[in-house]
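Pasting the structures here.
One chain, chain A, appears in both complexes that follow, with chain B as partner in the first and chain C in the second.
On to the complex of A and B.
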């Protein structure tokens, strides 16, 4: 069938799929076949958007987990403000919209044959592929930090089945009075730049009530961080001297952990005895894009800023935390926003409908720093010739100032954050 | 002011290049833009077996918490002395040895 174009082949196969029933080959359907790897903020948003706006295109979503635990609002579990069920979402809404959701792991991509192989042995044919695989943890970056160590010192930086964040919460609850919680925070780039600092805040929020003489030591590999002034204002006002942030220039870089003896060991060899340890390791793109040559030597994936087409292969678009897209942060909101542009670009060829010639991308990162205490950073981004830029005056940070003056803003932003969360998960799963 | 920090390998072969890292927590106040009194280190010096192998003179542009990473050739007996000298003359010293094999 070499005389058939790929699309004609897909159509033919779809028309007679029931009788063809080729073993190991899941059937293609309709006008074109969009396969999406990864059911997180990027992938789920792409699937839903494609089903609504391109109803004649068949959508198959591949995601190992049977439900999705969001990283956003995971820190609120540590703070006692949410339970795991509140941040766990079903794929049934996407199924109801006609997306085929397969709970398996994609293990290989053949860009020439336009095929994705799954761990279970199935092979999916695609016309266009969107890959939103998320991050992988660099297990070799911190000596002594491996799978087993992550049971003692959870990372809680990948939602997974929710066990990591639940373990960390249970450890905080079980910590002795006056104990020490330590965090190890990586260099840029990493998933959710304000996330570690919201986590510090939410841990402090919990400890202030449950264990007020406890200490939090935040060891950082950097010299500064997202919303730093706003976070440090909140820490000083809400938590007194509970939190100590140690930058790299204060020997804050943790290079080795010893889970058996509950030690964090710094760059200069200082041994810190901790009661609860949260290691957020350095990261790169998830293995599927590193193993298939879509990522470059940095471990992240270069993409076209207008379409999120992968630089390394045709008919594949990569979105979300796996991409190289500064100054946009690796955030769920950016994954959601860029998913729509990627779908429109990918399906333009398949459907004949135009892609967007001047896309814009949105981001707001809300953080909860305490009870009714929200802060945010907002920006609108647009593509440039070879990257992205923040649109001048398109956003900004929450205003700084004493809590007495800012209480209303903080309370409003906490509510805006909750509303943002409800909206974005609807835009992914409803 | 906290203890100066130094990172060296425990041992090295004679003639090998070894990495030395140093860090001292110091505010390095220049008093150029703020009313606090000037509080600056003047010089950092590293000696191996008594011989100067690395030195740096600080100035107003030097950042707080100065950090150095440099490489030296291991020479027995491997005794390092690191000295940070303040503009007012007092100094901080750290002595460390690398076992040369």
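On to the complex of A and C.
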């Protein structure tokens, strides 16, 4: 489907109602081509939604990985509650829905010609483009932390082929008795604000059984974090003094790593010897949107809050972690929720069917803090003229309180979290 | 092309050809629910099935969630985020969902 045909449809709209009212004709003429870059939370959700609700539009999804490893529930691998296969998902469901899935990497976008170039040399033409490429890691931000260092100190913050999370799990298993696990946690904004703290919890959950004298040192570049009270309650209740969280003001900012000598070096020059190191580096949007001018100088992509249209180019919508959308978090649920608005907005012009004029965006992030111990944060968001706002007096955190009082809630939320995972994955890939 | 920018004829044609409007507010709002309750509200694991929910009862349950009169781990926090019109659209949508 080409640019030309899209224009032809534009002309058709001006034609007589009699011609247009012939459904077969309209359907045949109106079918445009939606290309989606990135088959993760935003991209897969968009592809599935488009195939179900706009069957007359052709969908091509470009994703280098042949199957998708979710970041959500990756921490449960560290906790010994899931295996890699449980969080790896096939693209066959999307193919069965009629999406064309190409396993390649997009290397260039030409917004004028409406073309995407792939690493393998193919060129795809689109009427509308949705880009959900996720994050890139700022390799230059922590001295000594590069691709090679990530083999020693995994980040496990991008699903990829699953090797990062598997390496981290193997390192925890191999750690000497009473060893030290250290994490380096970045400043905002970054992917999944509660993610590092769920990770700390799941590592503690594993070590409590396998290596109970081990220690976890969580070096943070911030002064506070998502669901802090709930997490710290859980840590005190479940893990005693195993976990030490070090805020920026306590010299928590890690500025350099030395993988050969297994060292984390802080802002004030303190050297910490670690047995297992998890470096979650500062982030920006994935390279495809930085290299093509869709991102601004912040490294993230400005978008129209009603449609997720990129500010820098026509006919391109950017969703997911790559966007600037505070106070919405960079979460899988937000990527899924905004994907649907973006599809409706993008395809309105192609199909003549209305966009959603009053969109509502939604987020829930469940975290597992221990065995049968779930906590959550929820928010409903609406677009404003130049951004987003959480609906006042709604959403919020699970109630705090001593475990004796909250045990039932925590158990139920852990189960609901599992239901959430299965449900959202179906909404992406089934 | 937004609704308002279309000529009446084009709008008619679009509606005839595509009787199911993708931007039906009930359906779009219900997308958020699908992340826990399943694509058509069929429920999953511990999250309840809400297909074919009685319309009037839905509104009552929603109000009870909002005011913490019904036991909830999360729906109380969610219910407060939606307007009356949106709740009505959701009630219609799930009453029809099968």
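We adopt the following convention: the second predicted complex is superposed on the first by the 400 of 430 C-alpha atoms of A that agree within 3 Å, B and C clash if a C-alpha of one lies under 4 Å from a C-alpha of the other, contacts with A are read in each partner's own complex, and residues count from 1 in each chain.
The rule is simple: a residue touches a chain if its C-beta (ideal position, glycine included) is under 8 Å from a C-beta of that chain, and two chains touch if they have at least 3 such contacts.
Remember, predicted model here, so these are calculated numbers, not experimental data.
Student: Following superposition onto chain A, is the placement of chain B relative to chain C best described as a clash or a fit?
Tutor: Aligned through their shared chain, the two binders fit side by side on chain A.
Student: Applying the touch criterion given at the start, work out whether A:267 contacts chain B, chain C, both or neither, answering first, second, both or neither.
Tutor: In the superposition, A:267 touches chain B alone.
Student: Touch check for A:344: first (chain B), second (chain C), both, or neither?
Tutor: Only chain C; A:344 stays clear of chain B.
Student: After lining up the shared chain so the two structures overlap, which partner does A:164 touch, if you call chain B first and chain C second: first, second, both or neither?
Tutor: A:164 contacts neither chain B nor chain C.
Student: Using the superposition on chain A described above, determine whether A:331 touches chain B (first), chain C (second), both, or neither.
Tutor: neither
Student: I want to verify the contact counts: of chain B and chain C, which reaches more residues of chain A?
Tutor: On the superposition, C touches more of the residues of chain A.
Student: Have a look at where A:292 lands relative to chain B and chain C in the superposition and call it first, second, both or neither.
Tutor: neither
Student: A:283 in the overlay: touching chain B, chain C, both, or neither? Say first, second, both or neither.
Tutor: Touch partners of A:283: none, neither chain B nor chain C.
Student: Touch check for A:250: first (chain B), second (chain C), both, or neither?
Tutor: first
Student: By how many Å are the closest C-alpha atoms of chain B and chain C apart after the superposition?
Tutor: Distance of closest C-alpha approach: 32 Å.
Student: Mind listing the chain A positions that touch chain B in their complex?
Tutor: 247, 249-251, 267-270
Student: Going by the contact rule set out above, which residues of chain B touch chain A in the complex?
Tutor: 5-7, 21, 23, 25, 63-65, 67
Student: For a test of understanding, state which residues of chain A touch chain C in their complex under the given definition.
Tutor: Within the complex, chain A contacts chain C at residues 13-14, 16-17, 20-21, 23, 26-27, 30, 49, 53-54, 333, 336-337, 340-341, 343-344, 347-349, 351-362, 364, 376, 378-380, 391, 393-396, 398, 409, 412-413, 415-416, 418-420, 422-424, 426-427, 430.
Student: Within the complex, which stretch of chain C touches chain A?
Tutor: Result: residues 1-3, 6-7, 9-10, 12-14, 16-18, 20-23, 25, 28-29, 31-32, 34-39, 44-47, 73-74, 77-82, 86 of chain C touch chain A.
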